[in-house]
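In order of appearance the chains are A, B, C, D, E and F, and numbering begins at 1 in each one.
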Amino acid sequence: MEVIRKVASESDHVTIGIGSAQYSHTKDNPFTAGERYLMIARTLKDEGIDNAFIIPIEDLNRYSVWVSQVETMCPPFSIVYSNNQYTRRLFYEAGYEIRNSPLYNRAEFSGTEVRQRILDEDDWRYLVPEKVAEVIDQIDGVSRIRELMGESPDGMQL
Amino acid sequence: MEVIRKVASESDHVTIGIGSAQYSHTKDNPFTAGERYLMIARTLKDEGIDNAFIIPIEDLNRYSVWVSQVETMCPPFSIVYSNNQYTRRLFYEAGYEIRNSPLYNRAEFSGTEVRQRILDEDDWRYLVPEKVAEVIDQIDGVSRIRELMGESPDGMQL
Amino acid sequence: MEVIRKVASESDHVTIGIGSAQYSHTKDNPFTAGERYLMIARTLKDEGIDNAFIIPIEDLNRYSVWVSQVETMCPPFSIVYSNNQYTRRLFYEAGYEIRNSPLYNRAEFSGTEVRQRILDEDDWRYLVPEKVAEVIDQIDGVSRIRELMGESPDGMQL
Amino acid sequence: MEVIRKVASESDHVTIGIGSAQYSHTKDNPFTAGERYLMIARTLKDEGIDNAFIIPIEDLNRYSVWVSQVETMCPPFSIVYSNNQYTRRLFYEAGYEIRNSPLYNRAEFSGTEVRQRILDEDDWRYLVPEKVAEVIDQIDGVSRIRELMGESPDGMQL
Amino acid sequence: MEVIRKVASESDHVTIGIGSAQYSHTKDNPFTAGERYLMIARTLKDEGIDNAFIIPIEDLNRYSVWVSQVETMCPPFSIVYSNNQYTRRLFYEAGYEIRNSPLYNRAEFSGTEVRQRILDEDDWRYLVPEKVAEVIDQIDGVSRIRELMGESPDGMQL
Amino acid sequence: MEVIRKVASESDHVTIGIGSAQYSHTKDNPFTAGERYLMIARTLKDEGIDNAFIIPIEDLNRYSVWVSQVETMCPPFSIVYSNNQYTRRLFYEAGYEIRNSPLYNRAEFSGTEVRQRILDEDDWRYLVPEKVAEVIDQIDGVSRIRELMGESPDGMQL
């Protein structure tokens, strides 16, 4: 939220891509794109940010056309914020200006950490915006994470 | 817009799906999902509608899982508005309440009509919201439609 | 049925492929692969044919690997029965023995004819095996065909 | 077989899904869907079970539409038997009744164990139904497993 | 050939893309990419052109990433020759210099014309380079075209 | 190169498949198919080998149709050279003659070794043909490999 708040205040608009939109119910992406959309939309409204576009983007699983896929799904943009080296490289090669996301405590404010705490029945709510916790409760997300993280999948290759 | 205005005023929120999101630069879908997103977002802002979600949705090209695909990409919803018989049937079989879009002049307010008028250099701007025309001008959409509609494609099967 | 009865009586086993298995709810393929499976399975049981394998096969939409796809999904086979020129050519090039399906009244006993009669509220039941009509009734197939055939689809490209 | 025998005797019919049907020649899925179909069909016939449907089902590799994919490929069903947590969760969220497969010795009666024994030239035949061993012999499955398990694949990403 | 000869003589190298590479055995693309590759490679050798790259390129069936797909599959290039309006528009929007192919008799020197003549048993050999006719004869292409063009396909949607 | 030189001198022609052609910008496949094509084409020219076909081949990620996919993309061939057990097994089952690549120092002349040396800033140029190093320099491949190998990707599943 800190990153988005900063970018939204400095720019005409900010586009938030929901990556890997076709995946859900996995350890890394327990929530559907629609559920993630709702978490973000409610939080932005709560924060009074009204110049953000939220866009679910399906991976095509071929990096070389990924920049094109993102350009197709999003309104025009000129600056890319990411701390991921792959994303940075691909958009850099395509000629975009790349900026680091402002610094924050990445170890704690990470999805991995939050999901682990939910599994361990530790406190996790203070790590996410209030509206995100609200949506997770509404969709019974805690029980989903606990069931899915408790066992390795078999019978389907993702 | 009349349909969306009515639904938005009667509901907690309305989700606008941008279908066939992976297609663009064709006669039927000349614009990318991102360009269509921008047209809708600017128009909603202009109209003061702030309880709408805009969601690009890629077709999976298998009807039987399409309802699931839409459910995955969108926040939860309970009523489906559509005048398209296919959409209505699929969501009806999945147990949704289906409502007709309120009546309007479908012959004139259709994408087909607008694109034909652009090709014929007839007046088309009065048929679309002001912000849509603005975006089409910004992305040089008129020249794209004229080029693409002037010839049958070959060399690629869509 | 006449074709299958003949082939089943002359062979160790017969494999019935349900092609285009991923499609349903279209004018040409109104029923899901599972619904078609049920129609065939019930009819075979009714006829006392117990050496038939029924296999839904998804199209890969690239003819050159289609023979491989069929070989992958089916138990080994050596003779191909089909009156379709494409299927015949592809399996012929792959070295299979091709046989014509025994003759029958193709104009009347065709899916197209049956679906048209359903749409026109003409008599269609005498054209299909009794168990097929039973399944169509159970899944409310008549209303699905009437709805889907009454209008051109839009918003999704198949 | 114990599970299927029990379910088949208690139900009108049982549907056996062959998952990951598009995969073969890998360490986890050495056999094609057609080969697996044959193993199951011959065993069922041998056991006198004649109310089972066998259905190869391709993974779509997006969990959120997987229940829909299974529903499309199979005749209607109401109860899901599985000990896999992912499958159980997805069908549970879709409203199905979930039952545990009856207990059996999962460590020994597992594909992994059988394939490892084949690789190690240990006795494996007593762990599978007689007809399964017969099919494996007919298709020279032992040599395939030994070749494929002896080396990591490279040059293709699955 | 005239187009390629001219471009090859004026450029450091020329890349010839074999589009729709995944398709074959259809009315429009009766030959596999490999067969088409062989026709072109033998003709180039015959003509003494040795600075051409031949690249089969699969369609992704989403125009918006097609330029990226072509860029990924081909060595770097800067000028695009095409008389197809779609190709021209997409590469123009991506910033490439577009040139018209030099003029030639498009009505006669077209694949459609050649295939029709093969079907009609008219003379077609004088319309293609000698090596192309040689490859068509080697792979029994005449009988394939006659079989495939004689009937509409059914049972598979392309 | 030693392998290709030997095969090219003994055969009418040799086809070099560029596998996993749709992947790039990953740790295992940092280069696009087009970049890999250029490295090979320039090296072959430098070596005076003019009877080789270079063909990018996209993985379909289903082994059972992979032989068909390769056959579709390549001119006809009869002998397969590979040291990879998977490739050998699949083409063996399809009836091809399989030959081992002639022996060479696989530990040192491996892509993995070269990429690791680039990352470690060790000498790597003597391990690849001169023209390959030239292309890597032209496309700034060293910086790409260093960036991509320095971090695990996240946000996209390959």
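In this section, a contact is a pair of C-beta atoms (placed from the backbone, for glycine too) under 8 Å apart; a residue touches a chain by one contact, two chains touch by 3 or more.
The model shown is predicted, which means the values in this text are computed figures rather than measured ones.
Engineer: By that same contact rule, can you tell me which chains touch chain A and chain C alike?
Structural biologist: Chains touching both chain A and chain C: B, D, E, F.
Engineer: Based only on mean CA positions, could you tell me how far chain B sits from chain D in angstrom?
Structural biologist: Distance between chain centres: 43 Å.
Engineer: Let me have the rounded angstrom distance from the C-alpha centre of chain A over to the C-alpha centre of chain B, please.
Structural biologist: Each chain's C-alpha centroid was found; their separation is 25 Å.
Engineer: By residue number and range, which residues of chain A touch two or more other chains?
Structural biologist: Residues 22-24, 32, 62, 64, 71-72, 158 of chain A each touch two or more of the other chains.
Engineer: So that we know how the chains sit together, what is the shape of their touch graph: line, ring, star, complete or other?
Structural biologist: other
Engineer: Just spell out which pairs of chains touch, all of them.
Structural biologist: Here the touching pairs of chains are A-B, A-D, A-E, A-F, B-C, B-D, B-E, C-D, C-E, C-F, D-F, E-F.
Engineer: Within their complex, state which residues of chain D touch chain A.
Structural biologist: Answer in residue numbers: 19-20, 23, 28, 59, 61-64, 66, 84-90, 93, 158.
Engineer: Quick one: which bits of chain D touch chain B in the complex? Just the residue numbers, please.
Structural biologist: Answer in residue numbers: 60, 62, 64-65, 67-69, 71-72.
Engineer: Touching residues of chain B toward chain A in the complex: what are they?
Structural biologist: Touch residues, chain B against chain A: 21-22, 24, 32-35, 37-38, 41, 50, 53-56, 58, 71-76, 139.
Engineer: Under the definition above, what is the set of chain B residues touching chain E in their complex?
Structural biologist: Touching chain E from chain B are residues 22-26, 32, 144, 147-148, 150-151, 153-158.
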